[in-house]
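Handing you this structure, nothing more for now.
Note that the chains take the letters A, B, C, D, E and F in the order they are written out, and that residue 1 is the start of every chain.
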Amino acid sequence: MKKGIGYFQVGDKFDSYLLIKQADKAVASNGKAFLTLILGDDTGDIEAKLWDASPADEQRYQADQVIKVQGEVNAFRGRLQLKIQAIRLAEPNDGVHPHDFVKRAPLTKEQLLEELTSFIFEMENPNLQRITRYFLSNYQEDLLAFPAAVRNHHEFVSGLAFHVVSMLRIARELKNLYPEINKDLLYAGIILHDIGKLRELSGASNPSYTIEGKLIGHISIMSDEIAKAARELKIEAEEVMVLQHMILSHHGKGEWGSPKPPLVREAELLHIIDLIDAKMNTLQRVMDKVAPGDFSERIFSMENRSFYKPAFERE
Amino acid sequence: MKKGIGYFQVGDKFDSYLLIKQADKAVASNGKAFLTLILGDDTGDIEAKLWDASPADEQRYQADQVIKVQGEVNAFRGRLQLKIQAIRLAEPNDGVHPHDFVKRAPLTKEQLLEELTSFIFEMENPNLQRITRYFLSNYQEDLLAFPAAVRNHHEFVSGLAFHVVSMLRIARELKNLYPEINKDLLYAGIILHDIGKLRELSGASNPSYTIEGKLIGHISIMSDEIAKAARELKIEAEEVMVLQHMILSHHGKGEWGSPKPPLVREAELLHIIDLIDAKMNTLQRVMDKVAPGDFSERIFSMENRSFYKPAFERE
Amino acid sequence: MKKGIGYFQVGDKFDSYLLIKQADKAVASNGKAFLTLILGDDTGDIEAKLWDASPADEQRYQADQVIKVQGEVNAFRGRLQLKIQAIRLAEPNDGVHPHDFVKRAPLTKEQLLEELTSFIFEMENPNLQRITRYFLSNYQEDLLAFPAAVRNHHEFVSGLAFHVVSMLRIARELKNLYPEINKDLLYAGIILHDIGKLRELSGASNPSYTIEGKLIGHISIMSDEIAKAARELKIEAEEVMVLQHMILSHHGKGEWGSPKPPLVREAELLHIIDLIDAKMNTLQRVMDKVAPGDFSERIFSMENRSFYKPAFERE
Amino acid sequence: MKKGIGYFQVGDKFDSYLLIKQADKAVASNGKAFLTLILGDDTGDIEAKLWDASPADEQRYQADQVIKVQGEVNAFRGRLQLKIQAIRLAEPNDGVHPHDFVKRAPLTKEQLLEELTSFIFEMENPNLQRITRYFLSNYQEDLLAFPAAVRNHHEFVSGLAFHVVSMLRIARELKNLYPEINKDLLYAGIILHDIGKLRELSGASNPSYTIEGKLIGHISIMSDEIAKAARELKIEAEEVMVLQHMILSHHGKGEWGSPKPPLVREAELLHIIDLIDAKMNTLQRVMDKVAPGDFSERIFSMENRSFYKPAFERE
Amino acid sequence: MKKGIGYFQVGDKFDSYLLIKQADKAVASNGKAFLTLILGDDTGDIEAKLWDASPADEQRYQADQVIKVQGEVNAFRGRLQLKIQAIRLAEPNDGVHPHDFVKRAPLTKEQLLEELTSFIFEMENPNLQRITRYFLSNYQEDLLAFPAAVRNHHEFVSGLAFHVVSMLRIARELKNLYPEINKDLLYAGIILHDIGKLRELSGASNPSYTIEGKLIGHISIMSDEIAKAARELKIEAEEVMVLQHMILSHHGKGEWGSPKPPLVREAELLHIIDLIDAKMNTLQRVMDKVAPGDFSERIFSMENRSFYKPAFERE
Amino acid sequence: MKKGIGYFQVGDKFDSYLLIKQADKAVASNGKAFLTLILGDDTGDIEAKLWDASPADEQRYQADQVIKVQGEVNAFRGRLQLKIQAIRLAEPNDGVHPHDFVKRAPLTKEQLLEELTSFIFEMENPNLQRITRYFLSNYQEDLLAFPAAVRNHHEFVSGLAFHVVSMLRIARELKNLYPEINKDLLYAGIILHDIGKLRELSGASNPSYTIEGKLIGHISIMSDEIAKAARELKIEAEEVMVLQHMILSHHGKGEWGSPKPPLVREAELLHIIDLIDAKMNTLQRVMDKVAPGDFSERIFSMENRSFYKPAFERE
């Protein structure tokens, strides 16, 4: 049975550990202070109110602390809330650590790095290979830590690298089915396409958009970076321009942020593979909590559709 | 070297066999009859004028005849034309047959059937498997002969079956990468999604749209057919409804002809896999005739884009 | 003077009978239970809170009970609320019945059936007549009971049949003005166009969308049903296909749910007549509560417009 | 049997009278002059070339002359052309007059005027009635002569008045079905809605757009005219403003030329009734020449759709 | 230091005069009356609650009174609120007047009138000059008092005239750069373009839309007015029509309320100059409260964008 | 009187010098060679056919030669054509030079450079000034020679620099009217905004799009260039990022090629000033050939509108 907080329903009793993700103090209409806590584990979050909070409580229950909590799940204005019945900080011999409560990719950083490296090793075009390797070396740490997005898909630790590895796996299969694909170009485009996010987002955990992210955007940032890398590597071949085109066009059209639509076969593929992996990850996250025979909540990033899980999947 | 008529350029000399695909008589301004011939092989078509055509010529040079022709390729109003210098009907001992001049899938009907059968064999859900098998039995001949479309992609003999097989291969790989996919549902959707085209189009060769195709369309035709098949097979399970939904939604949205958008994970995938294979086939057909460093003609079915073939693919 | 609850304003005193349409229990911040009641008659609904509800109250005041209530109309967050001053269940000798409090068509089921039958009797094409009669026989009970929609227009008992009869009357007049119209085709299309809603919606009262309604939709459901009916009636004429086209195209375009736009004169008419009757009914419902010289609330289903009732209509 | 030139097909022999609608001189590649004639009757037009035209021919065959012509219908670049075998001017005792060759409404001007008058007579609101009567008096002659549009619908003599009368008939029936309609407002709106076209178009026959038509448009022209009429009639009531709104909004939305969308019930109806009559007239003109079982040409003003005439209408 | 209420942040103490812009009574959950006050000066507004309001308070604190208030700025549901600690009505010897608390144009009415007059004086075309002068005379008082819009831009006393004067200044410069501009036509269009707002809006202060404003709109109102003025001035020249076109087209396209797009050079310019001044005024209002290095709130009238104030503007 | 070829109408006789802009050989239906010449001066182009061209003619009449030609202007398929009556090459003592026949900006390169330099001199922010100066130095020659676009506006020698200078003049005036504008940022944005076109287009005369222009585009090219310039100049200030944003956003929105919409006040202004100058230049080019009282041809780049030149401008 799945048992993270993300799977709890109204009426369920909870008695276990959770991480405080956010803690805000406010004053109730009776004049007493209370804390609004966002508690979570790697399956989801829930809000809880700690009423009549003393200054010591305030001091104690802060973000990034793990707590032991007993309570019951209620509904409040259509959202779940945990009614706290007992709460304390986790203690050393509880054997729990904050990082156990954070969602992360199903592969470790080491596994991700190894797989990325092996795809680069497969590449035969030296220009594309050198540029790709340059970025993997220079950005390795962040690339292995960042999420792929603020929300919607791969919004977890190592999400970006996991997204890239998943896309590379699809690319490898499509290359088998359509041999006319230029594998090196496609691999390079996939590995580099979102590296601009390392500057577009503020950090690996709980990221927001940077000023540069808002004014320039990860697409143009990365186009620049490739030009700069090529100058440093003294590569003046057409591959540089085509690779920049891959990056610039990977959102598919102007309305979606790409200054050019894909005009090279592998650029078109990069766009589609990106879509597939983002959609499959989004659906996996959402449908995991839907019972057979039910519809999901509306998914904003997928035209606000509500998806159905067939009842015959029950068996 | 590639040598079909589809690869000839202005100024090239031609001296070989071609199939007459269409022959129309008209009268020139000097009052003499002439024939406009569309000549072709499996790589493309070219127009040719046979001036001062005698009644015997008219009789002789009709559609579906193979001819031996010498001539030179000219440009006329921006399109290629073959200027005929000598022409005769092919003779028995020339050893050429009309069906050698028709484009067809890279797999034979036998290979296609075998591969389709093996995918159905993989299916575990008996309802989905029985319905799929019902259509393969009932429509086998047409399914193996029809093109997938009138133009744009897979517009050749066995194009529909080849399109289906290519999609199934992609599906199998995606199932490996995303194990939460319901393989049976996806396979069934892929195999059945375009069978309505067997009634939407007028025939396997040189097809046009039927009245039913224009008024009802292959999507609604097939939804009906599935309902009917289920009644005949006495299957009353939810699979029937979900399979109908797969068919109804496979064009993705209302503007593209689907009365419902995909609302089931596998329906979304069916739509994307259909897109990938159609695009890859279109690009393969178009880019094959483009030299490295050049742009293709505009491709209407792909938002009128003109694609670039990188010069570095030359080596 | 109009006196249903739908016409009450802030400050009005109410002292009469209402039907409980919905009753939900909740717990107030003081820890006591209260009931949120949706009370209504055939002119509208109003919310009321029954504070400090005892278990007996909970037992007593349930959906579908008629109550006698005294109170005053207040505003709460921009919506009207009935502040309950006295409440009791209706008693036998009060002489009131739940079904008096439900909005229904201005014609009885018998009148509707008679009028439908007479239109079918007018039809001369035997194929169209037999198919139409088939559905009237097989779905008579539901057809006479269902609303035409969940909200917006004809959202009352017998709404669907009343909508159909109104459309038939318009059709008869247009046939007089434009004799080239094929009356039989148009009548058949009108009578059948929304019968798929009997499966799209969950029931005659307080309907919601069924899973089949969401995944297949009333348009495709009915196209199927016509094909099936024709098979049962052993009709293989073109009328079947054209009638299916009428159904498939009656929403006018892809964005509005029709997989084909109207491509037959009577299909175009069916779409327009459907629009007229839906709009006139919507406006009638909304403008009825607007005073001359005022604007209505915004009407979502009519591009969110707010309609004006001319002051000179005051007399 | 229908026998106007509009019904002739390739290969048909023609031997009758036609009106020269346009005559243009040009010089052929052999240096000789020829005339391009547009010949027509009330069913349609056809182009014809008069080769080797002498100066006398040029003088003789001019626009608005009736000719007797023998010839055969050919196709030239996809359009029909009449190959002239013999031609002469009509003579007095042929008993034919130019105005017999011009398409006109099925009602005479007298009938149209009488019917318009009787609708105005039905009106009860004196302000609306007086304004309407004002325009009928002041613009009677043009109103009875102009077409309703340059092309697409009611593009014939008296087309505007016939369009108005047809719309009034629909309005009368809808008033019976929906008694809440304000008949006077709707009638007034219908009668006046297109009177601005008398200034937007250059004349009753062969009209083009005036400068005022292009810069101001019939909608704003007529809104002005109503304001002016009211001032002359010293009417200062709300009816004037609401009537202006009817005119301003009758194209339905901004993209279609209306500065305001319909915000009054009768304005919405005016827009829909206008649509119905325009569409029915367009379809009647187009479908009249289509054989049962065939599709029409594409109709630009109806989203470029090609309409089907059911084969079962054949009997 | 800027010190109007519009610049206060959470935590700031306030102790000064404010104007009561709106005062509404309501009853709290404890059964006691309270007042919701909107308090403001020429830099902005803030909400305040006066709890336990006595009937005397109700009487005292009404719209358009100036008060002296002490309090602290809090946040409530994301919006600022002034927590009242002390409040009293302003007294005569406080030396404050309501009109000091209202935002107004940076030029006085006299200055605005003088500048308008001088632009009209520059005009050389007598027809355009006379029509423009006619409106300035007839509408002088309102024109100098009204805002240019209900919100977004120039939403202050004399905003309309200030908007016009700013546009005229731009026009004068563009005329210098592009001498082919017809200055008279452009000046006339600018001065008249929004005069219809004097009837579209209900008054100079705190305006709402009139019925005429909603049903006819300032664009059509003004087109009428120009026609009427020309008749009164007995001007029958083309200038009238072109000036009407300028007004009708100044919103640029149908979707934005113009029944005709600009079709005259100066009409196109009028539209653009209107946009520039509206945008510059909007940005000036919004960015004034943004610190260097920060983003503004989202600006609805500018496609909901959030603008950045560069940090390097700090110095 | 204006007398360039661009002002000639059907029937006009021509007898003067023209530049051969293009010369193509073809074979007529009579088997003889002919030349299709595009002849032009600084007011426009016209096509001419040189029939029965000898090999010597072919040799003689090539692009970039000036000829003396006599002929008459005809219409052919709706376009003007010059019927050649006599033709010869210009001779040295005719005193004509090819570059007299090419359209160029109304300012000389020296004047343009001087004005650009003076605007840069006005700048006070050293970072912005140094970056701007860097580009003026490095690209001076091309910047002073290139057109601003392939067609539509400023499509002449020095068009780009003239466009920039015109925009700077507008900017200076707007700065006077709206003092809150950051002049340095706006000037820098204007001067640099289209420098990417020096790589997007193939050259100063008769330019086409380069591969880099199609795949990357002048917007992204220039964003890169600024990043590179800043690195070379060792400027690491925020100005670099904001300047890149100006370039990236200057087309206004995604659909028009900008990966980011303007999010800084001066970026919004840059976009609008660019529009104004492009539109004014387009209109000036088009309206110059339209007589008062006439409409222009449709202008594709301005939503296909046809503009009216008022008749009252005649005087």
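Going forward, a contact is a pair of C-beta atoms (placed from the backbone, for glycine too) under 8 Å apart; a residue touches a chain by one contact, two chains touch by 3 or more.
To keep track of the chains, here are their UniProt names: A, B, C, D, E, F = 3'-5' exoribonuclease.
Small disclaimer: the values here were computed from a predicted structure and weren't measured.
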Review point. Quick one: which chains contact chain B and chain E both?
Key: A, C, D, F
Review point. When the contact pairs of C-D are compared by residue number, which of A-B, D-F or A-C has over half in common?
Key: A-B
**Study point:** Whole-Å gap between the CA centroids of chain B and chain D
**Key:** 45
Revision key, fill the gap. Between chain E and chain F, the Cα-mean centres are separated in Å by 40
Review point. Can you list the residues of chain B that touch 2 or more other chains?
Key: 211, 214-215, 242, 253, 263-264, 295, 308
**Study point:** Pairwise chain contacts under the document criterion
**Key:** A-B, A-C, A-E, A-F, B-C, B-D, B-F, C-D, C-E, D-E, D-F, E-F
**Study point:** Residues on chain C engaged by chain E in the complex (per definition of touch)
**Key:** 293, 295, 308
Check your understanding: Considering the complex alone, what residue numbers of chain B touch chain C?
Key -> 211-212, 214-217, 219-220, 223-224, 227-228, 231, 241-242, 244-245, 248, 253-260, 263-264
Check your understanding: Once bound in the complex, which stretches of chain C touch chain D?
Key -> 125, 127, 166, 169-170, 173-174, 177-178, 180, 182, 185, 237-239, 242, 253, 261-265, 268-269, 272, 275-276, 279-280, 283-284, 287, 295, 302-303, 305-313
Check your understanding: For chain D, which residues count as touching chain F in their complex?
Key -> 211, 214-215
